[in-house]
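Each structure below is given as structure tokens.
Two complexes follow with chain A in common, the first pairing it with chain B and the second with chain C.
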Partner chain A sequence: MEAAKVPVTLITGYLGAGKTTLLNRILTEQHGKKYAVIVNEFGEEGIDNELVVDADEEIFEMNNGCICCTVRGDLIRIISTLMKRADAFDGMIIETTGLADPAPVVQTFFVDEDVQAKVSLDAVVTVVDACHFLDAVDEEHELAEQVAFADIILLNKTDLVDADKLNAVKAKITGLNKMAKIIETVNSGAPIEEVLDRGAFDLSRVLEFEPGLLDEEDDHEHDEDIISVSLTTDTPIEPEKFSNWIRGFIMERGVDVLRTKGILNLSGQDNRYVFQGVHMVMDSAWGAPWDSASRSSRLVFIGRNLDETELNSAFQACTVAA
Partner chain B sequence: MDDILGLSRAKPDGSAARIKDMMRERLGIGEETTLMVSELHCHEDGCPDVETVIAVMNADRDKMTWKIAKPMTEVGEGDIQSLMIPQAAGA
Partner chain C sequence: MTADALINPQAGGVPGFNPDAGARLVSPAVGLSETPAVGAHPTFVVIEPGQARAVIGFGDKRLRGLSLALDGAQPQVVADVDATPIAGVADIGGKGVLIGTDGGTLLRLDGSDVTTLASTDGAWIGQIAVHTDKSGEAGLRAFAAGKSMTVLDGEGSVVLTSDDHPSTVAGLSFSPDGTKIAAAHYDGVTVYTLTDAKQKPVRLDWHGSHTAVAWSPNGKFIVTAMQDKEMHCWRWKDKTGMRMSGYPSKIRALTWTADGGYVAASGADTVTSWDCSGKGPSGKPPLEFGYVYNGIVMQVAAHPTDGVVAGGYSDGTVMIGTVEQETAMIARPSSGSAISGLAWTADGTTLVAADEQGAIAVMRMKEALVS
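Take a look at the complex of A and B:
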């Protein structure tokens, strides 16, 4: 039987958004679990935990600057060392700096077999300051990337904004990433069970986790550099057509595609086919049978300079009717 | 059921551990030094379709990287022995 992997939660967010407050809430909650905490810098706010490891944000390019082949060397070393401490903790939490690019951190969990065998990325949690987000997001490229990579967004400091601004912030976030679950908080006060053990990268849990995947409504503005594109069809997908298209697309545009998720109704198959990707790293699995459920395929891309019309045409051309 | 779309990641088959063992022996290093072995399918211009990347990641950030233009399953003792090893890295 495969040994249980240690879940890793990645907390991102811009400077002052409330990352360390969230971290301390997790660590001081009476959940009876022990966490190893990896931080890039010790801020003014102390971290209430026995095992805190300082990382140095060392970017390791395996292939001449291609972002798809870039990982965090410090994390590979730290995780390898921590995992030699048998049964020492129940999970890991990584708090990045406000300026960290999440892509190399996320990809670290998919490149090395030993890392993959021992730990699994549970979810990317991005803390957003409701008060300053709209002013900062167009200027700070990292902020948009952190939202784009997120599985869970803590929309924090909601007590400091009025309803109109809060709605504008939520619309902006959803335009960047319609897959993420948004939790509104004050003082990063999210229920811990909504932040930890989410299995966001677990293909068997894609359906339960992804509100955006089941949401056909698409009335968000698409004027950003990074956008979220949702495609759907009720007509069965022809496997060979889709395989050729998606593999070619990711090969060509993987640098621009930050995350991908899909649930497919493949022609002649009784079960759902689920897949996800981070840049060019893809993974897939067979999901639950359709049985009497209404069959439809949904696909979400989050990335830069995506042409929704073009993507939709290509996707619709993969159906058996095309 | 098979992955009929070909989107699944290759399941670990022990190739990385095998390559790490060979590298540790070649370099004369123990478990205290972190080794990373990964198979890249990069489609940037100038990259081979598949290559195995081996990296020694010392705590002092002194890194060495080697690339072998074949999948991990095909990397053998001969490939490891033919890698150029800087004097400081080897035993």
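Take a look at the complex of A and C:
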């Protein structure tokens, strides 16, 4: 039997947002569990763990014809080596630098065989400073990317802002990413069980995701902004049409598409078809059978330069009715 | 190798060979003995000729030795070290073992004594290399930690040190005459001349992450393995680059046949060997042997004298094959656990493999491999 893979949690967030505070909370609250922590810079705040590996951020492009496919060479080396150690880890936690692009980290878990064989990416957790987010997000594009890539967003330091500002921050976050679960915190004080063991990249759990706020209009100002687009239809999807469209779209636009998730009601199939992607890296599987009542396909793209109207008409053209 | 010792599943296999059931016949030309799994992950296998033993580094911070006398001996803990031994090679003259650890120490094992030859500020020493000169007594040691690479002489004095690499050094290889060393990294290889400090290093460029490097025994070629499921070869004379691609998996190991005629690699469901005679492998498809159903070659080790290569597979199978005839025999059946270390004794009569569960297989050749 295949041994259970060690879950890896990726913590991102801008400088001072509260990443290390969250990390230390996990480490101190998860008594008796053993974590390997990989950091890219030692901050002022110490990390309370036996095994902390300091990594140089080494971003490597792959020669696989996919121009956006980058991996983190340092993580491949470190994770492969750590997995040979006799100490069994309950998990690994990677804390990125404030300005890190999460894409190479996430892609490492889909591209490298040694990493894939031994560990699995559990979730991308992005810590957001409620106080400074709105000012900083327009200045630093990494901040928007970190939010766009997130499965869980810790909206931190909520005690330092009033209700209006908090709502504005939440609206901005939701505009960037409709898939992520937002947890409002003070001092990164999220319930640990809502941060760890989320299985956010586990295809069998894609079904649990509920794209938020499907009906809300996006009020983004620039086309270059990262937005999330939710598409839905109750008409069954014609597999061949959809396959042709999504392949072509991702080949052409994969650089702009940060994350994709979908649950499809394929014509003539009793089971859900689930898939997800990071840029051009795609992964798919058959999910649980449909209930007869609600056979509805849902598709979410998070990325830049996305035209919701155009995407919607392309998606609707993949149905059997089209 | 005699005809009835050969098994070539690609050509129809042998009676009783059922890849689906995993049933494997060990060739009658091989005497196999195997020790039970230790339960720790081997990180390297080194043969010590003087001690007639194999030394295996393990992820539980232990060095274990196994006598090659085939007298039913079990692996014994030779030494405990304070960090995980992550790289190991035979030391100068084959006497002792040189070891790099994830505690940033460069260690030397002699018998059961461990001495520290060098240490870093904690950066892992993941790459090491040794060159023995013609006397068989003296030589050079090299180690890399992060972006930095250091070459020491036999007395421990620094011959050269450099951190002018675009990434962590992922492979080291001395030229066969010991006058140069090649360091593999992102976007290529840097070659240093050790005998003339004034000579500028030579950078061999090829885009991508190079994860291993091996200089051919005749000094003509430098070959790297890449994260991109391909290899790259440079002809040293004119620095011409050649690309060797088409692998389904990433290439973890490279080995040169003793005469430098072929470079063999892991990364496919067969052991692939590229003809590097003449101007190099360009335009020549690789020779293959040892197809294993649902298996990928993880480790390769060339025989010390003959045109024979051993391959260790992801399912624990070990195959020994002749490169030019493309024929193979099974030396160890599948254990279900990937081979993580593979080494021949200097006389080529014995092959030692370790799988990820820590089982060690000792394979003794009952007859000459090439007649």
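The rule we apply is simple: the second predicted complex is superposed on the first by the 298 of 322 C-alpha atoms of A that agree within 3 Å, B and C clash if a C-alpha of one lies under 4 Å from a C-alpha of the other, contacts with A are read in each partner's own complex, and residues count from 1 in each chain.
Assume a residue touches a chain if its C-beta (ideal position, glycine included) is under 8 Å from a C-beta of that chain, and two chains touch if they have at least 3 such contacts.
Quick caveat: nothing in here was measured; it's all calculated off a predicted structure.
Between chain B and chain C, B touches the greater number of residues of chain A. In the superposition on chain A, no contact is made by A:Ala314 with either chain B or chain C.
Once the two complexes are laid over each other on the shared chain, residue contacts for A:Arg85 go to chain C alone; chain B is not touched. Contacts of A:Gln116 after superposition on the shared chain: chain B is touched, whereas chain C is not.
Judged by the touch definition given at the top, the superposed model places A:Arg77 against both chain B and chain C. Legend: residue contacts after superposition of the two complexes on their common chain; A:Asn63 is shown touching both chain B and chain C.
In the superposition on chain A, no contact is made by A:Ile192 with either chain B or chain C.
By the touch criterion defined above, A:Ala171 lies against neither chain B nor chain C after alignment on the C-alpha atoms of chain A.
Contacts of A:Trp286 after superposition: chain B is touched, whereas chain C is not reached. With the contact threshold set out at the top, residues 56, 58, 60, 62-64, 73, 76-77, 81, 84, 112-114 of chain A are in contact with chain B in one structure and with chain C in the other. Contact residues of chain A toward chain B in the complex are 56, 58, 60, 62-64, 66, 68-69, 73, 76-77, 80-81, 84, 110-114, 116-117, 239, 242-243, 246-247, 251-252, 254-255, 264, 266, 271, 273, 275, 277, 280-286. Within the complex, the chain A residues that touch chain C are 54, 56, 58, 60-64, 71, 73-74, 76-77, 81, 83-86, 112-114. Remark: chain C residues 40-41, 43, 58-61, 84, 86, 102, 122, 124, 126, 146-147, 167-168, 170, 186, 207-209, 226-230, 249-250, 340 touch chain A in the complex.
Touching chain A in their complex are the following residues of chain B: 1, 3-9, 12, 15-17, 20, 31, 34, 36-38, 40-44, 46-47, 53, 55, 57, 59, 61, 63, 65.
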